[in-house]
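All remarks here apply to the structure that follows.
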Amino acid sequence: ASGKLVLYTSQPNADAQATVDAFKAKNPDVTVEWVRDGTTKIMAKLQAEFAAGNPQPDVLLIADSVTMAGLKRDDRLMADTDVDTTGYETGLYDKDKTWFSTKLITTGIVNNTRAAMTPTSWKDLTKPEAKGQVTMPSPLTSGAALVHLATITQNPALGWDYVEALAKNGATASGGNGGVFKAVAGGQKAYGVVVDYLPIREAAKGSPVNFVFPTEGVSAVTEPVAILKTAQNPEAAKAFVAFLLSDDGQKLAADMGYLPAKEGIAPPKGFPSRDKIKLMPFDADKALADAEANKKRFAEIFGG
Amino acid sequence: MPTRPLPTRRPTRSASPRSSAADKLIALSNRRPDGESLAFAVLVVFVLVVSILPMGRLLFEAIAPGGRLDAAPLLEVLTAPSTLTATVHSLVTALGGTAISLALGTLLALAVALTDMRGKAALVFAFLLPLMIPPQVTALSWAQLAGPSSPLLITLGLAPPLGAPNPLYSAEGIILLLGIQHAPLVFLAVRAGLRGLPREMIEAARACGAGRVFVLRTIILPMMTPSLVAGGALAFVSAIGNFGIPALLGIPAGYTVLPTLIYQRLASFGPSIISDVAVLSILVGALAFAGFAAQSLLIGRRDFRSVGAPSEALRYRLGKARLPVEIFAWAIIVLILVIPLIALIATSLVSAYGVPLSATTMTLGNYAEVLLRQDATVRAFRNSFLLAGGASLLLMLLAVPFAALIVWRGGRFLKSLAMLAEVPYALPGIVLGIAAILIFIRPLPILGFSLYNTIWIIFFAYLARFLTLSLRPVVGAVQQLDRGLDEAARMTGASYLFRLRTVLFPLLAPAAAAGAVLTFMTSFNELTVSALLWSAGNETLGVIVFNLDDGGFTVLASAVAVVTVVVIVAIMGATALFARKLPRGVLPWAN
Amino acid sequence: MTAISIRGAVKRFGAAAAAAVDDVSLEIAEGEFVALLGPSGCGKTTLLRLIAGFETLSGGAIRFGDRLVAGEGTHVPPEKRNVAIVFQSYALWPHMTVAENVGYALRVRGLGKAERARKVVEALAAVELSGFERRRPAELSGGQRQRVALARCLAMDPDVILLDEPLANLDVHLRASMEETFRAFHARTGATMVYVTHDQAEAMAMADRIAVMEKGRILQVAAPATLYAEPANEGVARFVGNGRVVDCAVVGPAGEGRSSIRLFGGEALVRAGEASPASGPARLALKPEHLAVGEAGFAATIRKAVFKGAHTLYEIEPEAAPGVLLPLPSDRRLSIGESVRVAVGDGWLLPASAMEARYPAAA
Amino acid sequence: MTAISIRGAVKRFGAAAAAAVDDVSLEIAEGEFVALLGPSGCGKTTLLRLIAGFETLSGGAIRFGDRLVAGEGTHVPPEKRNVAIVFQSYALWPHMTVAENVGYALRVRGLGKAERARKVVEALAAVELSGFERRRPAELSGGQRQRVALARCLAMDPDVILLDEPLANLDVHLRASMEETFRAFHARTGATMVYVTHDQAEAMAMADRIAVMEKGRILQVAAPATLYAEPANEGVARFVGNGRVVDCAVVGPAGEGRSSIRLFGGEALVRAGEASPASGPARLALKPEHLAVGEAGFAATIRKAVFKGAHTLYEIEPEAAPGVLLPLPSDRRLSIGESVRVAVGDGWLLPASAMEARYPAAA
């Protein structure tokens, strides 16, 4: 492949740079232009480009499968049937092969090391010890939180009863994962529902936090990659997707500190091995269909 | 004989009868548009392009999503209960915040301009700095401060029990922080107005036996109405459009205002996001517009011109009250500047977020990382400096003639134009960004190239967004200016541009500079507009800070923010060195 | 040649009922020095601003020579009219020094620095402000400010100079010396000058012609001596020279343009024009100096005395006309309440037309 | 009793070399009407502002009665002095209507609305501005503004009124009527008034005493008639009443306070004080009305003529003293260049001390 490839991603800067560098090492003829921003902003940008009838990117590497499901529903994505998906659980890629998960960013529990208990189960957060001490990202603003909510409510063992119990126990839902992590690391709250890499990476640097993969399993956003129907350079785009899903691509994800999506790739330091992490089942299309209803119900429960 | 329209060409009196050729030349020169009309045309086009065009584009998107006329989304959004709630919340917080800004800004402006308080320069300097600190940072540090784990409250024994709701996560909290954040806007406007207040106006009242408070209430404040209105309008519009503070304090409390509602809409997956958002932002624009309309009704046709040259600084002696007043003023500075700044600095000095700052954990590694290793930071400094400097300079140049036209030429057209020009400032930055994308993603007609993915689209958005910041203080100043000063220049035959340069600019310099400072400081670390519009190589400081923070590198983000503040302080300090060479009052912090 | 021709000029501010300038027509010849005289608020400043182009006409037209500058849909902006104006409020630029204020017009014309400096020094010397070059307006006294405004105008070397009470704040001496400056300037440059003032002495001393205004209208335009000696109507008679207008009865003509009249029970010879009534009731314009305390004349009582330096100005009440008060200057020491005989040495019978009610009731 | 006592007042602006007010001492009695007269820039306004408390003294002291209000480390702020002031620049508040401007001081005192309205109407009537209550300053003519400023001051009913050229922008008639207003007001309230003016006639007509200033100093303080007839020094002699000072030789006393002198080759009898030189060279103060064209007297040439309405003011040059120009009013028609005989009817021999060089060289 060769030519110019335009990538929109919500990866952190350094990660995006590393990804692009590694891809270019393999595909020296491709020049990559990439734009990095928060999921909401990058989507707003993209939506505006759609509205103006001139979308710029060839490839998207963003956020979560629900967002991708939405784009697929709006018929914005191109199917890539050539790609090799061996080693990927079904559910980690679209059945029509329009999007493919590239890593697992799981949502679990973080606790401040000074907290009264170390939780092991989601239900621990509804215990009296945790009253008023739990904070979590709001599904109204965070994509990961919305996926988490959908996963929890799709799980018959937890469901909306669990969400209501959390609310009753004084849990707050604010902003995004960054805010939650800061609240727990800063000691304002004892427990938080948060994505894995933040506490694991910062704990390694000395931050007073501990991350727990609850026994019921975790939800995960999978940072899927997809090619736009309007891509100018589908060849390079396909090469990019293939690279991300390859062993090399997955090792790169692990090097950056994320759980690889492909089985058989060693997890990064600080993570338990891949088979010890249980993923709760998740249906992206259903989550998309339910998204507005879920948000509304959540808002009612948490008074937002 | 008395018709000698081209004095520049005939500097000395000539008795010779004028030739018919000269007559023709004169007739021609009469038909040729004069400088003022030219300026008028340029300004109208400018406002049309930078203000009306984006809003028009959004309006189009609202009523015709995807190009097909369809009022359904419009009605749906407007009639949604959440829209009504958010609108009411927006109004409540913006009005409350404006009240606090007005009180705080006016109080300090009066103290600085009218009393013999000490250390004015430093105070003004410190009072303006919070403009530099992103609202999110302020909100966060205050939230930390007021919460159960607040070190300050714990020390004072006032800390609420662990887990108790943070009092700042409420409408009141939002109002308080909005008020604090925008107080400098009011301060700068009122300060500039006070500089032009003729001394005799106050003296006449004092001679009537009026005490200080009475003079303040009946003379100074009423005469400051244009400035107060200007400052108040800015504060109101800023509050209406503010996202950072209600996002941090309102979302946890379930208190949604229009900008946060817009953000939530953007984070959803509906196919009509853009048109929904357009409708909501039109609502925001309408609120801001209503605000301006109310304000201009408030001033009405009243005349605030004062005859006579402004005199030297007024110095009310505070006497025994001096120390308490000084302490009070500095206490405010501690609250609005020192505390957030300390939080910011502390965060930037530790290796990881949440690590307590101590002699052993302190490190300069974050600074080394952002300054030495990440070249994007340095690039962002350069970009932001150029963007902010360019925008504030260009807008300052345009604001003076524009303000003079608005006030002196008047007319409904110009007044409406001026009000419309202010609306983009109230739009949430992300919406303005969307509008800019909608306009510029396609190649420009005729020119054939696209501004998209260049730094110029950010520049354009800055011009649209900050026009009002530059314009408002100048409009207030012109309203207080004796028109005779311009007329005296006209009769010398001075052309429009020459008058602009030699009379209007110097006379309005303090107000224009106040506007430019506001523009520079707020655009220097602007985030929400450039977040959508930046592209590789065109990062701005706000984008860098946000991306670092968003990626979990809060400590690095803090380091960049601290460096930003330091750079601004350095710039402000450096300009103070040249203060003597500039007309008095140009630099708000150089007395 | 006509320099400025004003035809039926009207200026209304907003929807205000009364026009500030009301159907004014005035022809000013090239190089002429015309004074606008009239009570406060009569529209002098407004008329001046119309000429300068700072106000737009509500009606009528103004021409400079043949060139239409205002009215009939045209409005030439002030900067294209080459008229200089000295503002009543000075309008000095506070951010410039005195020298910069004065040199502004020269800068506009692109004069070199040295030449500019020379002319500024000259203009400042003419208003006796040498040495004040580097001050700023805020550091000047009121009179000094006025003189700077004057110097700024002189330095412009314009075709038409409009002056709005330029000497109002100056003392007698400075005023006399400024009057001299104006006269000299006028003689030297031949500029057309329109001079607004409320000070008659100033107007009389300098102007070729004087236009007397009242309530937005022009009452009379004439040379100072004519205006003084032969006012066309009661308004002018009363306004100029502290005049009074009283009722009298014309007995008949007395030759040499004089008529014999009966006044306050006495007799007198006064001047009469062709339009003055030849007999019967008439209105007589009297100036203070027409009256003198003497042996003969009508009987009157001293009512008031005001010291004026050179003389004392008394107010007398004729015994035949209680309520009428007339000014009378005298060197003599008279006491209030004293009865005296007053001789009428001169006077002017107003034209018959003036009796027609526009200005009824004697002073 | 002394209302205002100024002792050695000095005011310096910044590091400027010359003091704006320089060692001024002045005692003003309660209820007195004192005028400050002097050329532009002589420090009148500054002295007034010192009395009002708007400027701080650089030296000396000011007392109101026994109360020290300024100097010796004290500075009572203006609002505590109960002095009213009418500013040269009016200082009307643009955001208030005329009625609000005038009623301000009454509001300060907490007067009821009805009473306030009544007093405002009264004050406006006194300045002939009834019916202007609801206008704003921007809608008034210059003279109207000045009258509003005046009414504002009158309505205050203060102990001390300071007026800074309050009539400068009014026409003669209004001015006369305002003068009347001041006098009546002064008589009614017995307020102490300090009146700054450059108009001598005004000062003469109204003031009990006049202080003549020059370059920050007071030259003489005296009743108007004294000041006019018997100036203490050359400065006053020249400043007041268009006077001139010329060299003469005293021949000897002539009784009745008169001396016989030789002047321009002629002889004359003039007034002399006790301090006037009894013989030898002396300085003679002449006013225009002391000179008359007649059969006798010194020979002189007519150099200039200025029409003044009631008379013409000529300028004559004595043949015995080329270069000296003297004003001379006359009803006669004289032409420029004509030779005439001029009789000296009066004059005042300046005190000997005045010869000591402070004001050398005759006019």
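All chains are identified by letter, namely A, B, C and D, in their written order; residue positions are counted from 1 within each chain.
Here is the rule we go by: a residue touches a chain if its C-beta (ideal position, glycine included) is under 8 Å from a C-beta of that chain, and two chains touch if they have at least 3 such contacts.
What you see is a predicted model, and the numbers here were worked out from it, not measured in a lab.
More C-beta pairs touch across one of B-C and A-B than the other; that pair is A-B. Between chain B and chain C the centroid-to-centroid distance comes to 53 Å (mean Cα coordinates, whole Å). Chain A and chain C, compared by their mean Cα positions, are separated by 89 Å.
Remark: chain C and chain D have CA centroids separated by 23 Å (rounded to whole angstrom). One finds 37 Å separating the Cα centroids of chain A and chain B.
Multi-chain contact residues of chain C (touching two or more other chains) are listed as 89. In chain B, the residues that reach two or more other chains under the touch definition are 307-308.
For chain A, no residue reaches two or more other chains under the stated contact definition.
Interface note: chains touch in the pairs A-B, B-C, B-D, C-D.
The touching residues of chain D, counted against chain C in their complex, run 13, 37-41, 45, 88-89, 139-144, 147, 164-165, 168-174, 176, 198-201, 204-205, 224-225, 228, 239-242, 287-289, 306-311.
Across the complex, chain A is touched by residues 61, 65-66, 140, 144, 147-149, 162-164, 169, 247-248, 251-252, 254, 256, 263-264, 266-271, 273-275, 277, 351-355, 361, 376, 430, 433-434, 437-438, 441-442, 452-453, 531-532, 534-536, 543, 546-554 of chain B. Residue ranges of chain B in contact with chain D, taken from their complex: 198-201, 203-211, 214-215, 218-219, 222-223, 225, 302-308, 317. The part of chain B that touches chain C in the complex is made up of residues 1-5, 7-8, 11-13, 26, 29-30, 34, 36, 307-312, 482, 484-485, 487-496, 498-499, 502-503, 506-507, 509, 583.
The part of chain C that touches chain B in the complex is made up of residues 1, 3-4, 30, 52, 54, 64-65, 67, 69, 76-85, 87, 89-96, 104-105, 107-111, 137-138, 149, 152, 156-157, 159-160, 189, 192.
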